[in-house]
Structure formats: C-alpha cells, structure tokens
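Just so it is clear, A, B, C and D label the chains in written order, and each chain counts residues from 1 on its own.
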Amino acid sequence: MEEFIYYRKAQYHETDQMGFIHHSNYIKWMEEARVAFMDQIGMGYSEVEKAGVVSPVTAVNVEYKRPVRFSEEVGIQVSVLSYSGVRLELGYKFFLIPGNELCTTATSKHCFLMDGKIVSLKKQLLELDQILSSFQVPN
Amino acid sequence: MEEFIYYRKAQYHETDQMGFIHHSNYIKWMEEARVAFMDQIGMGYSEVEKAGVVSPVTAVNVEYKRPVRFSEEVGIQVSVLSYSGVRLELGYKFFLIPGNELCTTATSKHCFLMDGKIVSLKKQLLELDQILSSFQVPN
Amino acid sequence: MEEFIYYRKAQYHETDQMGFIHHSNYIKWMEEARVAFMDQIGMGYSEVEKAGVVSPVTAVNVEYKRPVRFSEEVGIQVSVLSYSGVRLELGYKFFLIPGNELCTTATSKHCFLMDGKIVSLKKQLLELDQILSSFQVPN
Amino acid sequence: MEEFIYYRKAQYHETDQMGFIHHSNYIKWMEEARVAFMDQIGMGYSEVEKAGVVSPVTAVNVEYKRPVRFSEEVGIQVSVLSYSGVRLELGYKFFLIPGNELCTTATSKHCFLMDGKIVSLKKQLLELDQILSSFQVPN
C-alpha cells in the first residue's frame, strides 16, 4: 500500500489556555487516524466487530515536538511497526499542512479480544491477519 | 430532602485558548452532578440499570453568566423542576466557591427507556417514581 | 447565501457506554459548524480576532431527537436566527447522511467583546455587522 | 514527602461504547494528578505561572493493564522519576479503590519555558528546583 495519511483540522474546543491544542487530544487523533487506516486496508471497525473481535489499546507513547494551534491542519501518517498475529504496534507521524513540518511522533500497541480473551488473528480473523502480515515492516 | 450540591474543581484540560473553561464542559459537569444526585436520593445509576431502565438526555439548556477559570471550584445545585412519570426535568445552578456568585443556570430533560421503548416509571420502577414524585416542585 | 452545511463523521472516542455519541459532543460539533460558517461568510475566526473582537457563547439549547452512532455522518445546517448588532442567535439542524433524517435541533446565543466589554459590531466591526445583517431571518 | 495519591472517580461521560473509560482520558487524569501533586509540594500552577514559567508536556507513555469502568474509583500515585534542572520526568501508578489492583502505569516528561524559551529552574525558579531536587529518585 502507498503510505496512508489522515488529515485533521485542529478545533477551537481542543485548545487550552496555553493557546495550543491540549496534548490529550493527540490520543483521540491517533484513534481517528487508526480507524481511517483500518477502513482503507479493507478491515474497517464494523467488519472486525462483526467477526466478534475487538482491538483495545494496550499502550500509547507520544513525543510532542512542536505545538499545534487552532485551525492548523495536520496530516497523520499511519504505519504498521510490528505485527505478530497476537500483537500489533502502529506508528504515527504528525505533520503540519502545508510545509510538512514534523510536529509529533507516536506509537500505539494493540491486542485482539474475542469474548474478553486474547486471541490470535491467524485463527480468528485470517483476512485481517493476511492484510497486516503483508506490510513491509521498516528496519 | 435538603438541597443537593455537587462540588467540582475546574481542570486545566477543560480550559480553552480564551483562558476560561470551554462551554461544552458544563454539559459534562451537569451529568456528574445528576449522577451524584441520583446516588444521593437512593437511585444510583447501577440500581436503575439493574431494573433495565436507562434515562437518556432529550434536551439541555445552558445560560452562561460568568466564565469559570482553571482551578476555581464550582458548586452545582441540582433540583427536580418537573416530573410526570414519563418525563423528568432537572434544574442546575452553578455557584463559584467561595462567595456563591451565580455563574451558570441550566436545565436537562430526560425520558425513561426499557428495551429501547419509552416507559412510565410508575409501571416499571415504582421506587424511583415515588422518590421523584416526593420532590416539592417550586412554583 | 445558499444554505451552509458542515459535515462531520462521528468518532469512536465520542461514544459512551450506551453505544451512542455522548450528548456533550453536540456542543463541540455546533462550535465546529459555527467556525466553518464564519469562515464561509468571510469573517473567519482569525479576521475577527485581528479586530480585537471575541464572541463568547452566552447560551446553548439542544433537543436530541434521535441518537447518532459511531461512524455515522452528520450534516449540520447553520442559520442566523436573529442579529441585533449586539447579540447574535444561530440555529443548527443536524441531519443524518445519507437520508437526511433530522436527529437534533439546537441554538446558540453570542455577544461580542472587546477588552472584556460588550460592544456593538456596528461600531467595532462594520464588515461583520453588514454580513450578519444581510441574512434573511426566517419568519 | 510521603507518597502522593490523587483520587478520581470515573465519570459516565468518560466511557466509550466498549463499556470502559476511553483510553484518552488517562492523559487528562495524569494532568489532574500532576496539578494536585504540584500544589501539594508547594509549587502550585499559579505560583509557577506568576514566576513566568510554564511547563509543557514533551512526552507521555501509558500502559493499560486493566480497564476502568464508570463509577469505579482510581487512586493515582505520582512520583518524580528524574529531574535535571532542565527536564522533569514523572511516574504514575493507577490503582483501583478499594483493593489497590494496579490498572495502569504511565510517565510524562516536561521541560520549563520562559517567554517561549527553555530555561533551567536552577536559574529561574530556585524554589521549585530545590523542591524537585529533594525527591529521592528510586533506583
């Protein structure tokens, strides 16, 4: 797949009194970008949910390099960092639009649950397993 | 019952770039005050939920009189404005602590649902019906 | 002007445990639609701010008619309900896309401040005054 | 100082449709705990701000071990992991109350800014520098 980028405009209600987007919102933007990425690769939330699988977040890591202001637009590039069948790690790069200045890097880790138990996608959702396995993980 | 007041400190993540608490947060504070009020009158969320009843918000109305700043404390007085068995309207007065300056007034309207259908509490949850009916509605 | 509609997809992080978009988010969506509307009529936030004018929300009113679910798209139609030079009231109709089912109606009231004092746009920001005055207020 | 613990009840508006507190809220809870911790050690937000110093978040890291549900209470233990005069790293342990089951661990990194430039607290805010330096950093 070509690189996937999710575009998002910073909203007024996301600012704080320092005059920047509050840092908690980046976690929400990562989720929005992830949902759009999963749609794009053909395994949107509703398809996965129909298979009885949910994919909770087990960890997030965010490094804030440059603050974002109200009404600025950000492009968020999503990539698969690692995938084992049981665990998935995604990477995120936030760029200011226009100019492509890098403002934030982040990662999120996920497992897969059926009926509350950790499962392997190889056994439970082969289609998603094959899609995620196809990503060339960067060295 | 004596008057019920819920106390809440304004948080940094609730501010916006105008330097005040963003107006959307008052809807969340009303919910927090309402949940605490229901606990106080003996019909907390989990009791009502066990009876299979949910009580969605059908309308909110908020009048902002004076902005609230980070780290200020607010007392939110909750009262029953009207109750018909099928519909409930609550009133909220937000006061700054200390000093009791009125900063916001608000109302919320609610119905009661079982299995997605509107029900009368008189039939489905007599205990809550009797509690809500006991409030002296102000003229 | 033709009618103005702002489009917005409901996000996962906006859901609550009832399975719907939490009702507090509609206040944020109204703001997003209002910001886009002001941009569209040629008086975007940064233009107004450069003139030293801010326009806080003095009241909101929301009637929830049908809940919205994660990943549903909503169109929000914004209109000028009344404008006096000193006070502005906007109306909002939320429609589900596709199908245009009305899910929510709302209003917001605003005043205009310079240096913390209420001002008339006729005196302080004639350009915006003329734009807002040009709207045919519906009977 | 004795260990510092901030107590917080999980709110309904913080839940998502999976039935748990949405993972973005932990970033807000960390901030609330951090603000309370700074108050406790005698360098509350307004004192620091009066000195012209702000302390933005440069990184966060969260590991979610067990989800939190609406109305559960969480205790958040805050500790100083490292402090260099220029950079500060705080650690957070989230425990369920009662029972003290560990549900989340997290860290946040901070720098200190005056007029938008990174400064050393040793030079700009000696009082806070001495307080932070006094913490016995765990090995």
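We take it that a residue touches a chain if its C-beta (ideal position, glycine included) is under 8 Å from a C-beta of that chain, and two chains touch if they have at least 3 such contacts.
Everything numeric here is computed off the predicted structure, so don't read it as measured data.
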* C-D or A-D - the one linked by more C-beta pairs in contact -> A-D
* Structure fact -> Outermost chain relative to subunit D, judged by CA means, is C
* Structure fact -> Chain centres from averaged Cα atoms put subunit A and subunit D apart, in whole Å, by 24
* Asked: Any idea how many Å lie between the Cα centroids of subunit C and subunit D?
  -> 35
* **Per-residue overlap in subunit C, given as positions that touch at least 2 other chains** => 12-13, 18, 24, 27-28, 31, 70
* To do: Enumerate the contact residues on subunit B facing subunit A in the complex.
  => 12-13, 15-20, 22, 24, 70
* Within their complex, state which residues of subunit A touch subunit D. => 18, 23-25, 27-28, 31, 54, 56-64, 67
* To do: State the interface residues of subunit C toward subunit A in the complex, per the touch definition above.
  => 11-13, 27-28, 31-32, 35, 44-46, 70-71
